[in-house]
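In the two complexes that follow, chain A is the common piece, with chain B as its partner first and chain C second.
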Partner chain A sequence: MSNDTSRPGAEEKIIELRLPSKLGYERVAMDTASSLAKRMGFDNDRVESLKTAISEAVTNAIEHGNQQDAAMKVVVLLTARDDELIISVADQGRKQLDADCTTRNPHIEDAMVNADKGGWGIWLIRELMDEVEFTTAPSGGNQVRMVIHLEQ
Partner chain B sequence: MMLEDELTVSVRERDGIAIIDLIGDVTTFAEEKINTAYRDVTNRGARFVLLNFRQNDYINSAGIAILIGIVTEVNRNNQKLAVSGLSQHFQKIFRMVGLAQYAEIYQDEEEAVQSFKTQAAAA
Partner chain C sequence: MISTSEHTTSMELSFPSELGFEVIARDAVAAFARRMGLAADRVEDLKTALSEACINAIEHGNSLSPGTRVAVVCHCDAERLLVEVHDQGLQSYTPKGDPLSISDKLAGLGPLRGMGLMLIAQLTDESGYRSDGEAGNCFWLAYFRQPVVGCR
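Let's look at the complex of A and B:
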């Protein structure tokens, strides 16, 4: 953890994880985020929401962005502020995320008739987190920034 | 490191209800095990199917897609599906996604079995 002293009065702690692009490693990000969020004082319901959101973001980065090439890294940044936790998940962008899949609202009735029953991950992230933003990193990778507010 | 396949699926029968116990994570690695268990109970003529989860499982969107596959089959085969043992968080997720419209959610196996027995008696 490093302290950011540039914001007077506000302590900022940053944790960085570099994960291999192999399914299963999203659990390391979930466990880390869960441990941090509990220490920050988030209640159990919010911690569970955070775990689901981060697992979906990291799984997308592994499967889609980095195409499960274990040599490619998924970088997770957890920034703990006094009143919020910011989670950024970035891949190396072997494949770009379609813009429309970041705004789609899936329906179970459609999923039941379609061969593809998936597409719930990004929607879940949007539903469960307080702020969500999808961007392309300068390096060309996909990046998602999620914020969860600590209600006092 | 055990990061992948952490799901144990087993099938049993209780009071005419096919119970599929899911102990562990429901992710992309679960697909074959869950589908095999469902096909197994269906081939044996199950009318009432209970997916019995252990609390605090990790269920992700790939797991949700597998479960949507199951509710699709359940509808097609005119069976009744219920789920039990889900944590509060995953009960919420099941409602958000709409799975709760197709599978009754019960706190535990006992509650689900009693409800199925009442439904079977009324049928």
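Let's look at the complex of A and C:
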């Protein structure tokens, strides 16, 4: 993998992380992203937002995309640019993400009466990141691309 | 020396070969080691030893060459945590016999730098070097797990 890529005039630094699909390892992604974001100059509150968003994305990849199969990997790419940090989280797609769940807005009133309190992860990611896009990874798995802008 | 079993939990990280990125590797691997149950003081030892190994990879193995990368691979089984640091081998490591002691260095018998490998040996349970041929150099750091329990 190269360090510098296509965007003219913009230098990119890429960190690649491959994690086992076991709950708990999202902490490794959180701490790695936090360390890079601090080094880039993000404020503490933005770093906390980033940690929450990446935790949700990696947990989704482990639980849903890879169905907690420890032999499967979650691949996290952190691309640092001068003015933004791009985070890509990809699973191996044992289960494809339902397109509807990437756009649905959950309601707190429903959560109060329904037994299932889940389903807030993607909404949280959308709330906390500046750009969010759900695609298919080159491996065929689910991929979420998140961008957080660095305000100068 | 370096062998892993089918019950191994693994993580891989790669980053640009630039001074400063060893901090991000340190934070990522520390999170993995904590997850594996390594004691807090040993995690601190690991952070220092890993930083030294990464700096060696950046400065020596990859000769500070733009576009090169450093890879860190962590394996954990019931007995130990093994961390490998791989460079691209632009410069091969050649063992130089017993390093000078700190007192000899302070007495002016050698340069004050060059204590990284000594530190690594002091801060790990086992450590070593292997050549991966044209693929580069690999320094490895090992920490035994106590009590001996399976990876979570």
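The rule is simple: the second predicted complex is superposed on the first by the 143 of 152 C-alpha atoms of A that agree within 3 Å, B and C clash if a C-alpha of one lies under 4 Å from a C-alpha of the other, contacts with A are read in each partner's own complex, and residues count from 1 in each chain.
Here, a contact is a pair of C-beta atoms (placed from the backbone, for glycine too) under 8 Å apart; a residue touches a chain by one contact, two chains touch by 3 or more.
None of these values were measured; they are calculated from a predicted model.
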Which superposed partner A:52 touches (first chain B, second chain C, both, neither): first
Which superposed partner A:34 touches (first chain B, second chain C, both, neither): second
Contacts of A:124 with chain B and chain C, given as first, second, both or neither: first
Touched partner set for A:17, first chain B, second chain C, both or neither: second
Touching partner for A:25 - first (chain B), second (chain C), both, neither: both
Chain B versus chain C as contact partner of A:137, first or second or both or neither: neither
Overlapping contact positions on chain A, where the chain C interface meets the chain B interface: 22, 24-25, 27-28, 30
Chain B residues within the chain A interface of the complex: 1, 3-4, 27-29, 58, 60-62, 64-66, 68-69, 71-72, 75, 87-89, 93, 96-99, 101-102
Sites on chain C touched by chain A in the complex: 9-16, 18, 20-21, 23-24, 26-28, 30-32, 34-35, 66-67, 69, 152
Residue numbers on chain A that touch chain C, as the complex places them: 1-4, 13-20, 22, 24-25, 27-28, 30-32, 34-36, 39, 70
Residues on chain A engaged by chain B in the complex (per definition of touch): 22-28, 30, 45, 48-49, 51-52, 55-56, 59, 107-109, 111-112, 116-121, 124, 127
